[in-house]
Each structure stands twice: as C-alpha cells, then as structure tokens.
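Here's the structure we're looking at; comments come further down.
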Amino acid sequence: MTDLAANALLTTADGRPLKSALAAAQVRAKRRAFLLVLPLLLFVLLTFVVPIGQMLHRSVYHDGFSANAPAVSAWLAAHPAGTAPDEAAYAALAEDFKAMKAAKTAGEAGTRVNYTLPESRSLFTKTARVADDLAPPYREALLAVDAKWGDPLVWEAMRSASSAYTSDFYLSGLDMERTADGGIERVPPKERIYVYLYLKTFALSALITFICLLLAFPVAHLLATLPMAKANLLMILVLLPFWTSLLVRTTSWMVLLQGQGVVNNTLVALGLIKDESRLSMMYNQTGTIIVMVHILLPFMILPLYSVMRVIPPSYARAARSLGATSWTTFRRIYLPQTLPGIGAGALLVFILAVGYYITPALVGGADGQLFSNLIQFHMTKSNWSMAAALSAMLLLGVLLLYWLYDRLVGIDKLKLG
Amino acid sequence: MAAAAQSDAFVAFEHVQKSYDGVSLVVKDLNLTISKGEFLTMLGPSGSGKTTCLMMLAGFETATHGEITLDGRPINQVPPHKRGIGMVFQNYALFPHMTVGENLSFPLEVRGMGKSQRDEKIKRALDMVQMGAFANRRPAQLSGGQQQRIALARALVFDPQLVLMDEPLGALDKQLREHMQFEIKHLHESLGITVVYVTHDQGEALTMSDRIAVFNDGRIQQLAPPADLYERPDNSFVAGFIGENNKLLGTIEDLSGDRALVRLPTGELIDATPVNVREKGQKTLVSIRPERVEFKPSMMPEGAHTLDAVVTEVIYMGDILRAVLRVAGQDGFVMKMRNTQGQTRLAPGEAIKVGWHPQDARALDP
Amino acid sequence: MKKILILSTALCGMAYAANAEVVVLSWGGSYGGAQTEAHLKPFTAKTGIPTTMTDSDNPATPIKAQVEAGNVTVDVASVEYADAIRLCDEGLLEPIDINSLPAGADGTPAAEDFLAGAVTDCGVSTDIWANIFAYDSTKFSGDAAPKTVADFFDLEKFPGKRGLKKGAKAVLEFALLGDGVPASEVYATLSTPEGVDRAFAKLDTIKKDVVWWEAGAQPPQLLADGEVAMTTAYNGRIFNAVITEGKPFSIIWDGQIYENEMYVIPKGAPHMEDALEFVKYATSTEGLRAQAQYISYGPARKSALKDELLFNDGKTVMGPHLPTAPENMTNALESNFEFWVDKDAELNERFNAWLASN
C-alpha cells in the first residue's frame, strides 16, 4: 500500500515521470486557452500598447530637421556644443537648403527648429526661396540673406533639432528652454503655462472627484437600499446622461447656465438676484466644474452602488447592537466597506476628468481650461510631438497617482462593479 | 401574583403586535416573559414571526402596538445602541475590514473603554471561545466555525446581560453545529447570562433551551420546557413540528377524565389522552411518537387496545431499527425499536399488533 | 506610425462621400452654405461632376493630418491665407499655376484680373473677408453706440460681455488697434516683445468680461442669446444674421482686419483634375460673383467688382457690406501672413499662457 503510493507519486502507470505526464496532459488545454485569448491579446496590443508606445516615441522623436538637413546635422554632430560655426558649417547649411528647396521641405525643417526657437521658421522658408543663388563664401552669403544666421541661439536650436531624438518637447512641457550655451533655464514668467495648468488640472480634477463623491454617495446608497422597482427607476435617471451625446448634454448646460439662461432667469424672476447681478456660471471655471461633475457623476455612482448593494444590512445592525451610534456605525463600519467603491469611482472620475477637453473647451472660458486643452491645441496645430509629450506627462501623473493609490489602498481592493 | 411575575421578568413582551404593511399582522398579541439567566428559544417555521420578535427586542424593528420591557424598563423608545444587548447574527456579521481583535474591540471602544482594559477583556473573551491565537486574523481567513466563535465572543465581550442569537448555527455543517450547541449552552451556564435564541431547527431547540416558545402564524403555540414540548404537545402544530410523530385521524368515542377512546375511520378503537378535545363525536388527530409504539404485548399496559399492522419496510439505522407499518388502512406508520441484543427482528410482510400507553397517544385538534 | 496617431486623433467627424465626388472642406455655417450654393451646386449642374461639402472649425488642421497620413479624402479646402502659404511651404498642397486660371469675364487674363496677392503658389482667393466687431443695437443705439475699435475695449462707456476669438491671430492686432496703434504700424509693433506685451496688456483690461468663441457660427449666436454685448466676428456671419434672420446687429468696420480666403488642393487629393476644374470654376468671375450673392465677402477679381452685386434677396446691394468697400477701409489692416506663418506657434502659446493665468 505504502509502496504503491510512493510509486504513484513518481511515475504514471506506464512509467513516465508524473510531472512530465502532467505537463503533457495540460499542454493541450493551455494551448486552447491561449488561442482563445489571442484575439483579445492582439486587440489590446493593437489598440492600446502600440498607440501608447508610438505616442511615447513621438514625444521624443522629430526628424523634421535631421532628415531634411543631413549635412549640417552631420557637422553639428561632429562639433561639440558651443563651437562657433565655421565656413564648413555654412557650406553644409547651404547644401542642405538647396536640397530642401528642391524637395519643398524647408518649411518642415523650419517648423522643427521653430519648436525650439520661436520665429526661426520664416528664416528657413526665406532662405530656401533664395537657396539656388547661394554661392561661396557661404557664411557671407547666408548672413546676407538674414543676419540671424550668425546668432548662436539659432545654431543651438539647430543642434538640438539635428538629432531626431530630443527632449525639447518635454523641456517645453516643463516650461523650460535651452540657452545659447546649451544650458537649460525656465522660460520667462509670462510664457509659463504647462506646469501651472498641469497642477491646476490635477487640482481641479481632484475637486471634481470630491464633489462627485459627495453627490454620488447618498444617491448610490439610496439605489442600493430602495426596493427593486424604485431603484430601477432611479437607476434609469442616473444612466440617462449616458444615453445623450456629450455635446448635447454640454449644450443643454449652456442653455441652463448662461447669463440669460434658465437658472439665471428663474432666479431673477423669483427676485433672488438682481437683473444686473446675474450669476456667471458659464464660460468660467464654475461652468467647467458644474458640467464635468454632471457628466462624470454616473462613473462615481455605479462603482459605489455595486459595492453598497452587497454590504449586508446586518453589519450596521451588528454595530448598533454593539453600542455604536448611527454616526459611528457609518464612519467606522459602513464607510470603510464602501472604500473599494470610493476608490474605483474616484480613480475613474479623476482619470476621466484629467483627460477631458471638450467640456472645458465649450464651457470653460478663459480660466476653465485644462491641460488636455493644450494637448488638443497642439494637435490642431499639427505639433504631434508636443501633443505626445504633454500626453505622456499626463499619463505619468495618472500612473503616479495610480501607484500611490496602490500603495495606500491596494489596487486589489478596487471594485468597478 | 401578577405583580410578582412582572418584577421577576427580565424581558417581557406585553400585548405586542407588529405589522409591516398596515394590512396584516406578523406578530399577533405576543405575551412572553423571560426570567434572568434563562435560555429561551423561539422556534418556528420561517415567517412565523420569531425573527420579528427578536428584532423588536434588539431595537431594529418597532412594535406596532404593545410594550417590551427589559429589566423592568420600557425599551420601545430606546435606540438599539443604548439597549446593551449582545447579538449574534446568522451570517456572523463580523466586520470584514477589521481584524478579529478590532472586531472585539469595537463595542468596547464605542463605550469609551481604555486600551489596557480593552485588551484584557478581548483576551478573556477570545480565550473563552478558544480563539486566543486569532486576534490578528481577518474574518475572511477563518473557517465558518471559527467565525461563529468570534461572533459569539464579540457579542459577549462587553458583558451584556442579555444575548440574542438569530439562527447563529444555520450556516455550519451538522457535526460542527452540534458541537457549537454544547459550547453555547456551556457558555450560557457558566456566564449566567440570559439568552434568547431563534432557530427553526427543533433538534437545536430541544438540546439547548430551558424553555421553548413555538411560533406559528404570529402566535406562540406553546411555551414549555423541551421535555414537555416533546412529550406533551398542546396542539397538532406543535406535535407535528417537534420531532417525528404518527398521526391517526379519528372521532372521539368516549371521553372520561384523562382517558379518551377514539374510533378510527376503519372502525378500530384506540386509547389516547385528551389534550384539546372537549366532547364526544369531535374529530381529533391522535399523535403517537414512533419510539412509544410497542408491538410486544408484554410492553403494553393491561387492557390496551391494539391495532393490526403489516410491516412494509424495516430500515437499519445503527442505534435503532425503524419499521414502517401499514396500520388502519394507512401507510407510513413508523415504529422505532432500540437495536438491543435479542431485539426481535421484524421482516417486511410480517403481521403484528401494535399498541401504546394511553398517555403516549395525545388526542389533539384535527 | 503617423497614420495611427493621426487617425486616432483626427478631429474630423465628417462622413466623407464615396469616390468620384469632389469633396470640399470648408468652415460650415452660412459661409459653407454660401459656397455650396454659389460653387458646388452650379459646378455640378454645369459639369455633371458630383460635389460634397464637409465642415471643420478650421479646414487647415485636417489637411496636414491627412497628407502626413497619406490618406487624403479632401479634394479642395477653403483655408486662411497664412495657412495656404504655410501648408504650401511644407509641401502639403498642389501648386496651382495662375495662368491656368480662366480669364475675367471681360477678357482680362487671370494674372492681371486678380487683386495683388490673391493668387499664391498653391492657392486661389475665393473672397476677401474681415474680422470685425459687431454689437447688439438694442443695447447700444444712436450716440450711445460704439463707433471705433477703441470702444470695444471701453467697458465703462459700453458695459457688457465681449466675445473674442480664442486664438492669437487677429486678436492681438485688434488689441493694438484698440490701443491706438495705427494700422500701418501694427505688425511692426507686434514684432517686438514690448508690442506683444502691450497687446496682452490691452486684452487684460477686458479679460474678465470676455467670452471666447472658436467656431465662426458662435458670435452671432452669442449676440442673439444676449451672452455678449459685443463680439468680434467674421463679417459675413453677422451680415447674414442681419439680412436673412433680421437680427438687430450692427457691424463696426473701424479696425477691421481683412485677408484672402483661399481654395487649395491638398497634395494627393483623390480627384485632382476635377478638383482643379472646380477651383477654376469657383474662382472665375462668375463663381466669385455668385458667392457674393450669399455672403458679404468681397470677390478678389477686378472683373467681378465692375458691376453692382446684389444679395440673393434681390434688393440688398452688397457693395457697402464688403470689407473692400472704400468706406469700410478707412482704418483697416491687412492680415500679415508672413508674420503669422512665423509666429503662429509662439504667439498662440503665449496666448494660451496668458489665457490660463489669472
């Protein structure tokens, strides 16, 4: 008996080792399982991993200058930063310009340099127009076209553009710029925008998340405790915004909130406010907050609801029977158990809020703008690299928060429904 | 006399009624007193009103009418957290986000107790249920039986005088359940607390209780110690609900003092003790426990009526033998025999005569 | 790589028509409507080539994305002058030879018939339009009505919200004009850091009362809703709101900033030849005059201005409503494309920074 058991542990009936027999038996099942998830894997790869990888790549890659001006790029690569351009450098530049004129790519190269040093695009287009007339000595010829060709800043900008891989876009995203000697400094205060908006976006998103939480908690609790029929009706009301297009919802808010809108008109009609002191709830930060809270509220309610629904009422009863007041019961027993829902809802709302741009663009006015509006701005200006760098910054911020959440609460506690 | 009973009562329900919908009563005129140190079980099928009574006592439901007093104090208006009643729930209701120690600490914290005193009480309560080593575990890491013990410890840790238990063993397997029954009973005895216990398991009720209140249809059908309940059910509901029993429908042929003669539809006469039958000619349901049915004339009293029976099946159950008989034209009449040395082994098809002591057959309402 | 990024982010929510149709991308609203009526429908009627109109907030944006992605679906686009130059410089547009364009109705060769600068390497002017400002004449009337560009910035005399286009272009010039800088010196001023600061300082004075608009159809709506008392706008949009919808709006021409609107053909347009035919037709004397019957933008051909133009209601004489009318040109600024091709990115970033700061 013992003998038999010991043997069975080691080999199968036909003498194969048990381990390999087990692996062989499972390999088919594993292959089948893998084939089943393969489409999903490909889908995720194609729609998520690849685009994000490309975005990250693009944020550090722009070959507009390096590809179109290879000669001067080679010269810059051969000489360290700070080297004054010699005749060879100007000759390389002239050569590149002749090629760029033929290929009509001066604008592209200029655009890239313009990202690093504003106002240099026209220098390129202008020089390209007369490129065929350039003759040695090239330094004089180019300086004759525009004295800016002697400016070390222009050369520093070209140096930074001469490598297709660059950190310039992240520098800009951090409100930094390169100095003539290759150093890095903050841009003048009047031009600083990204860091400020970045922080503001996160702060505003946090505020929106908090308001959503305050509003969603009682609603979700009601949903979870009401009898089924009433809860379903309420649920439809909660989901109703999902069935309306974002633009329609936002526009309805404009009708409601604008100076001559329904809310103001009602308040004036009721005599609560004077006609000349109508509340401005639109085209400013207030508008952004109101509309975003409305749009994102369901994303808070649903995870909360799904968590609350499965909290048995006996916990609250147990707490009461153990001597806790209703407030203590809520604070120490009910609230902690809704934490997974709060966490999921807050994370969801926060991430969505950080990335929203349509709403702030439509109702935000000047001070309701968010970081994502700048991403959109750069996209409309076809500055993909800058847009990608800003997106990557946003992604980093969100991942950082995610990590923080994981450390503090634990991602395994997340419950989306 | 009534006043003495009042002052003696630790918990009292007086004319308590409860309705959820304003149309029908779930609890109909409940009167019940429970004395200090008593283990009282509310037993009944689901929907009989027993849990509602428990919830009214705990303060989670309000009585629609009537008064509930605790230690002489009316508690209708007292919120649950001020009643000082320990409670054990069917699903234990251990707070999942707290460790065992924190669960036990909770009732002490909300009472503002200092840390050292809390620790001491927690340790004592855990030791009491032999769970001293589990203070740092989470409820989810414990087995059902262990969770049950913790729930028990938590309900007792703040030294309540009254502990309510709502089907606390319902989720455990049979063996564990029986074991826990003894532990709870033991705790009750050693701590001297008053326990109100709700269950639908009659075995559990019989094992543990000092008294059992059998609920049905919003009323207490019978309130009695286990032995009385089992042996002397007041009505056919109680007889049917508690334990196995044989029922024979008949008509009262003769009624004299504590003896009744019942004629079965097939014409035979049997002896019975009248319980809630009043007059001759009344329809009655005679209830006889299977273990009180005899088939050896030597075991029957002098002059007892007997019935012809045919054995249809004999089931060997280890400690007992269970014979299913055909009696008075009725199938399914059960007789239990102890599996003793020399016990007569019946065989299917065998014709026998069965009889009983008249006090073991109770003539009840049909 | 570009392709996926661009496809996934391209803003165009338009449904492009099936093949064999000339797809025209324009600005929507009454301007897009005018082009549909004046160019697309007659062209199809005449040649049998089907045409489709699609909309964008700025047609220059999708063109770059499409050409870079190698997935061009637009045949002809209506873009701002500076964009036509910029896109052409970057090799994103098909060159158009001025000599291939039809002569004027009076026989003048195209090269002489078009106003100076109206035809560039890659674009042909379809009209001259202007950034103006307009006010609600029920709010201000008679002597109390604004008259000059300075009045736009005078919140004390003319209280109420102001509508401004969200973007640096035309807004900074407008601010300097409002600050008293003569039209001839605006770009020189704006080329200096001090000049830029001055423009933003002027905008600062009204910043808290500004409602920013993005699409050309918004300003008339903002005025109609009473959301603003005055707003900058494309002059044709206001004109159409007044003439066809009877809105009580008035245009102030003082400080107008005008420029050519250009038809361009993206590089790799699917129906290149038909597209060119369309541009030739639309920018002929006939095409330009037809468009002016639907919106108050001026034709850029001398031959088209010879005879009096009437709006399609048959009675409104268009002359006085065009940016090019002499009486409207007293303090007018021609948008400087070179300036904007060069400084667009920089000034817009500065504008965004200014907008975001408090």
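As written, the chains take the letters A, B and C, and residue 1 is the first residue of each chain.
Keep in mind that, in the parts below, a residue touches a chain if its C-beta (ideal position, glycine included) is under 8 Å from a C-beta of that chain, and two chains touch if they have at least 3 such contacts.
Note that the coordinates shown come from a computational prediction; the quantities given were computed from them, not determined experimentally.
Enquirer: May I ask which two chains are joined by the most contacting C-beta pairs?
Expert: A-C
Enquirer: Which chain would you call central, comparing Cα centres to the global Cα centre?
Expert: Centroid comparison flags A as closest.
Enquirer: Determine, using the mean of C-alpha atoms as each chain's centre, which chain is farthest from chain C.
Expert: B
Enquirer: Would you mind pulling out the distance in Å between where the CA atoms of chain A average out and where those of chain C do?
Expert: 32
Enquirer: Starting from the mean Cα coordinates of chain B and chain C, work out the distance between those two points in Å.
Expert: Taking the average C-alpha coordinate of chain B and of chain C, the gap between them is 90 Å.
Enquirer: With centres defined as the mean C-alpha position, give me the chain A-chain B separation in Å.
Expert: 64
Enquirer: Residues touching two or more other chains, restricted to chain A: which are they?
Expert: none
Enquirer: What part of chain A is in contact with chain C in the complex they form?
Expert: The touching residues are 50-51, 54-55, 57-58, 103-108, 110-111, 114-115, 118-119, 121-122, 125, 190-193, 196-197, 200, 258-260, 282-283, 361, 365-367, 369, 374, 377, 379-384, 387-388.
Enquirer: How about chain B: which of its residues touch chain A in the complex?
Expert: Where chain B meets chain A, its residues are 58-60, 79-87, 89-91, 93-97, 106-107, 110-111, 154-155, 158, 164.
Enquirer: Under the definition above, what is the set of chain C residues touching chain A in their complex?
Expert: Of all residues in chain C, those touching chain A are 1-2, 4-6, 8-9, 11, 58, 61, 64-65, 68, 86, 89-91, 161, 197, 200, 207, 210-212, 214, 225-227, 338, 341-346, 348-350, 352-358.
Enquirer: Give the list of chain A residues in touch with chain B in this complex.
Expert: 312, 314-315, 317-326, 328-329, 332-333, 336-337, 339
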